[in-house]
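Note that the chains are named A, B, C and D in the order they appear, and that numbering of residues resets to 1 at the start of each chain.
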Amino acid sequence: MTEMTLGKALTAGLQQAMRDDDKVVIMGEDIGKLGGVFRITDGLLDEFGAERVMDTPLAESGIVGMAVGLAFRGYRPVVEIQFDGFVYPAFDQIVSQVAKLHYRTQGRVKMPITIRIPWAGGIGAAEHHSESPEAYFVHTAGLRVIAVSNPQDAYRCLRQAIASDDPVIFFEPKRLYHHKGEVDLDAPLADAPPMGLAHVVREGTDATLISYGAMLTTALDAAAAAEDEGISLEVIDLRSLSPVDYDTVSASVRKTGRVVVAHEASREAGVAAEVIASITEDCFHWLESAPLRVTGHDIPYPPAKLEKFHLPDLDRILDAVDRVLDRPNSLTEVER
Amino acid sequence: MTEMTLGKALTAGLQQAMRDDDKVVIMGEDIGKLGGVFRITDGLLDEFGAERVMDTPLAESGIVGMAVGLAFRGYRPVVEIQFDGFVYPAFDQIVSQVAKLHYRTQGRVKMPITIRIPWAGGIGAAEHHSESPEAYFVHTAGLRVIAVSNPQDAYRCLRQAIASDDPVIFFEPKRLYHHKGEVDLDAPLADAPPMGLAHVVREGTDATLISYGAMLTTALDAAAAAEDEGISLEVIDLRSLSPVDYDTVSASVRKTGRVVVAHEASREAGVAAEVIASITEDCFHWLESAPLRVTGHDIPYPPAKLEKFHLPDLDRILDAVDRVLDRPNSLTEVER
Amino acid sequence: MWRDMTVVRRIDSEGVALQRQGQLGLWAPCRGQEASQIGTARALRETDFIFPSYREHGVLYARGVAPGDYVRVWRGEEGSAFDPAQMRMAPLQIIIGAQSLHATGYAVGIRHDGTDEVAVTYFGDGATSQGDVNEAMIFASSYGAPVVFVCQNNHWAISEPVTVQAKHPIAGRAPGFGIPSLRVDGNDVLACFAAMRWAAEHARSGRGPAFLELVTYRMGPHTTADDPTRYRTESDVEAWAQRDPIARLEAHLRATGALTDEHVAEAQAAADATAKELRAACLGMVTREPLAVFDNVYAEPHTGLRRQRDDYAAYLAAFEEA
Amino acid sequence: MWRDMTVVRRIDSEGVALQRQGQLGLWAPCRGQEASQIGTARALRETDFIFPSYREHGVLYARGVAPGDYVRVWRGEEGSAFDPAQMRMAPLQIIIGAQSLHATGYAVGIRHDGTDEVAVTYFGDGATSQGDVNEAMIFASSYGAPVVFVCQNNHWAISEPVTVQAKHPIAGRAPGFGIPSLRVDGNDVLACFAAMRWAAEHARSGRGPAFLELVTYRMGPHTTADDPTRYRTESDVEAWAQRDPIARLEAHLRATGALTDEHVAEAQAAADATAKELRAACLGMVTREPLAVFDNVYAEPHTGLRRQRDDYAAYLAAFEEA
């Protein structure tokens, strides 16, 4: 076990994947000499050279489209999108090509492309640098969507994503890049749990709190705070947003009967809506109150000074916990 | 009242909007001489000339980006995207510009852009010609999303969308273009109900069946068939997918206690997930069974010969109705 | 190549006929563009990899696809017709211009591998307006990728004349990106052949991408769903009929004595035979079973989809019982 | 214009200082690009409409924005700083290249209106790789729109040298689209002025779009978050320091006697005064109240958002009570 930041764990994961398979190439804006604006690819140009660590022209559709061509040629491209808000120019290539080519060709052409996206807000950034676009990709059949929340998962899941023959949209919680944790760098990938599994990070009995990415940290803080009030929360890290591991999720919900789902992304047709609709179908008779969402508002990401009024925080989560537990809460007086 | 097809009602709506306001310009591929591949803009070039009916170069990002510039200049552009599957190249301009500019400029710059999208499948078309991308736009704050299901609404809502100071993604059910209905061409727009309202198309008591677009027709057929079995379904046409008119929806759900939501789009994080998550929150204590989704599968739109196995049909809807009513159904024997 | 073009025209008219008879959902005729397609495709090596658009029936022919493969996609049976690795050709692409980037990426891969293959992409005049095609030229130039861009300027993008996309010759754009280009008479099969020889050789020898504009004309409708009388005149089309690529080569070959009545008869027979096989293959196609819609969405098992498939299977079974 | 550039440089260094002091989240220095910006912007009419990128502090200055407007966005207070209609300038654009299409659309609107305004868009060398910028040139050419494309080639897109985007002069691309272009010394303010005069006149007189490439150098980091020592050498930067646009004009003006010590003192004083006002405005900014996050998402009432706002208001109220 080695202690390292989530960022460094990703670097190590990339490095290991490139050592394991020389068909793995990485590409993106500023990933070469600079090592990426977040330094995730730091050192890789030196080790693997410019053919495998490709600084690209500034065009995301071009980058992803080129990755498709490399996949046709048998490569396993790993794309870095510089910030979450810059993935949209590549949307067409992702939705109409990356996600569909395996299906279109009856499985004859594989698209083992990993698209890494430094993701979400809370870092006081400029516009378009704090987006949470995961629902777009979850809604897109043909893609897998992973969102990690700690260094160990970052290292393991990134390697698994790259090794997967399916395209994976890989979300990296940028506000946790500097968070540290223990990473087992030597555990063989073959023994690791599949990247599609959710993780019960904290066991509890009163309600299930489901989250992912950087928000997981907030969820755990909320669970700790709830404990002080005598409330026992079970906290689940989804890790895989598509597919969602409903075996794990439903087992917990059937145990607790109460659910809060928290994410930064806006609410309408977001991941929490999906999770709640599925839970409600699977666990209706076990539910003791309506599952609730704590999400970013349905607004464009606000200017940095206002982001704290957009991002769900510990107190908003606890307020929702109070609501699912039928305790006094901010909406107690509100008629519906 | 005049009887006309849904397609002709849209043509009439465009024509009226252009007559009412000379800032309305329409633009897209092949919309001039050809009148669009679906002939919705037929005759408009002759009446309004090439400056207001602009055939554009073949580039969707360019078209929408240009519409943004025209909106800066005070125009009200109406964009035609030729088919649903061709909207993705414009995704960045829609999500990062059209949806956000009003917010970015604290309301100083309006984006009264209407983006018309011939939409969804069931017409035996080639790949990318049968997509149901509405959830992407519903998840995007700053946009309004309308999906019409009949000639009268098509005429009225299109005019309302164009008159709205907000950007509207306007979905036209292409397999209903030739469906006929009565249209009141003379009713003043000011007296019309807002385009954001849902519509209880058929009253019923046993369960609420919610749908929109072309699927509404299937939903109505299902309700008629259910009646033969003694089941009374209330059918709601959402019409506005963002915002959803939850006043109308919740009132119905509180009455029936049972819900099926049907759409063609795939399921994960789709519009039905949103509707069910919201209903469950709003009507939990009224619900007598889990609200269910009947949707396209989470697959890329399949080849034409297989589309009937993807699209929800009357029988799949009735099977779900049986499930929400706790009647024998296809999953009766399945352990969950 | 005269023979090739003759067969391709027959394939094309069989496609139109099958569509009329309700056997195909749609067909995009390549009539008039046979020289552009055969001339360029015949100048390539078998190992070169092609990323076509949707109208390149002549290119498919040059690659030797099986008869049914011309129509399998248009009939709506499958998303693609042949094995790309085997044919060294990507499936047809409908999203205008998207394939140009795929070819560029593939060519970058060739360069990494250090082999002397070439990637080739076909697209239309309309496609040149798409960001993707321009980005492809930029990326190809930046990486010195061995890719040949082939623009078939057939004068129309559905109803829009090429002047909507470009007021100046399209081939004139490439040099700005540092890519040498040629503008060629696309109805002259030998000129097309020579141009592709040059372009492929340029790319193959490590000098980076090349661009060809083949000036030709779409004699038929955009697709069988199109009505060109709404936007162009008979006389326009007539003028181009005079420059028919097949008739033209035929006249030339007859004049030089290289083409005899026997040749013509043999070619017609071959064309008819291919058309017959194509028709038989088309009519003999068996639509996959309902649950096939779930196949190959993913390469690896997927818990969410497995459950949807199971539920749908249960539904179908219950339905059959009922 | 020497005075303008001097003030702009001072504004720029004040931006850097404010960022260092934690008053701004980020700042993108324009040091070295003052001539490109002032020279071109001063050649425009007030009625011309500008679509800038994010580094055009000099253009904002030329437009006469209020001091606080240089930093309001960078501080994270608001999404844009001034009223676009009043300043005849769009808010800064972060999505690389997107604004080029907006300028083109605006210019099409000018053409419809039959007025003699011009739309102008600024972007960088990196931006020229984006599909949008290429589509903008295609659309502008197709409609003969009165738009001037201004590419400030400052040699870098963050860490990538311009050679990653273009192995050949960027100005060489425009003619392929039918757009005349000039490649200008971007550190020579008079050359920039003259070039824009030509370009704006070209567009204004109905001859369609024009393109300028201003060859300059980004003397500072990409933004205050960037560390350029990782990707470029001191000597590179030094070479360009020799061609500093302000020092250069100063030497020239001093030589001709057009610039005296008094002028310099006056300019410095003006620069300092502006910087002081800017700083005061910055420090005096009051962040909007929490519920402001819901304002202006829509122009018209929105049922969904109203409810979210109400719930959040109730939450905040409950929270305050507690």
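Here, a contact is a pair of C-beta atoms (placed from the backbone, for glycine too) under 8 Å apart; a residue touches a chain by one contact, two chains touch by 3 or more.
No experiment lies behind these values; they were computed from the predicted model shown.
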Handout entry: For chain B and chain C, chains touching each
Key = A, D
Practice task
Sort the other chains by how far their Cα centres are from that of chain A and give me the top one.
Solution key: C
Handout entry: Centroid distance [mean C-alpha coordinates] between chain D and chain C, Å
Key = 44
Handout entry: Distance between chain centroids, defined by C-alpha means - chain A, chain D (Å)
Key = 34
Fill in the blank from the handout: Between the Cα centroids of chain A and chain B the separation in whole angstrom comes to 30
Problem - Centroid distance [mean C-alpha coordinates] between chain C and chain A, Å - result: 39
Completion exercise
Contacts with two or more other chains occur in chain D at residues 78-79, 95, 129-132, 135, 138-139, 142, 164-165, 297, 304-305
Completion exercise
Going by residue number, chain A touches two or more other chains at 56-57, 59, 61-62, 85, 89, 92, 96, 100, 103-104, 127-128, 141-142, 242, 268, 297-300
Problem - Overall pattern in which the protein chains touch one another (line/ring/star/complete/other) - result: complete
Completion exercise
The answer for chain C against chain D in the complex is residues 128-132, 134-135, 138-139, 141-142, 164-168, 172-178
Practice task
Note which residues of chain D are touching chain B in the complex, please.
Solution key: 49, 51, 78-80, 83-85, 90-91, 95, 98, 100-110, 112-113, 119, 131-132, 135-136, 138-139, 142-143, 295-300, 302-305
Completion exercise
Within the complex, chain B is touched by chain C residues 25-26, 73-79, 94-96, 126-127, 129-132, 157-160, 164-165, 225-226, 230-231, 287-288, 290-294, 297, 304-305, 308-312, 314-315, 317-319
Completion exercise
The answer for chain B against chain D in the complex is residues 25, 51-52, 54, 56-57, 59, 61-62, 64-75, 77, 89, 92-93, 96-97, 100, 102-110, 112, 141-142, 144, 164-166, 196, 242-247
Handout entry: chain D contact footprint on chain A (complex, rising order)
Key = 29-30, 32-35, 37, 55-59, 61-62, 85-86, 89, 124-129, 267-268, 297-300, 302-306, 309-310, 315-316, 319, 329-331, 333-334
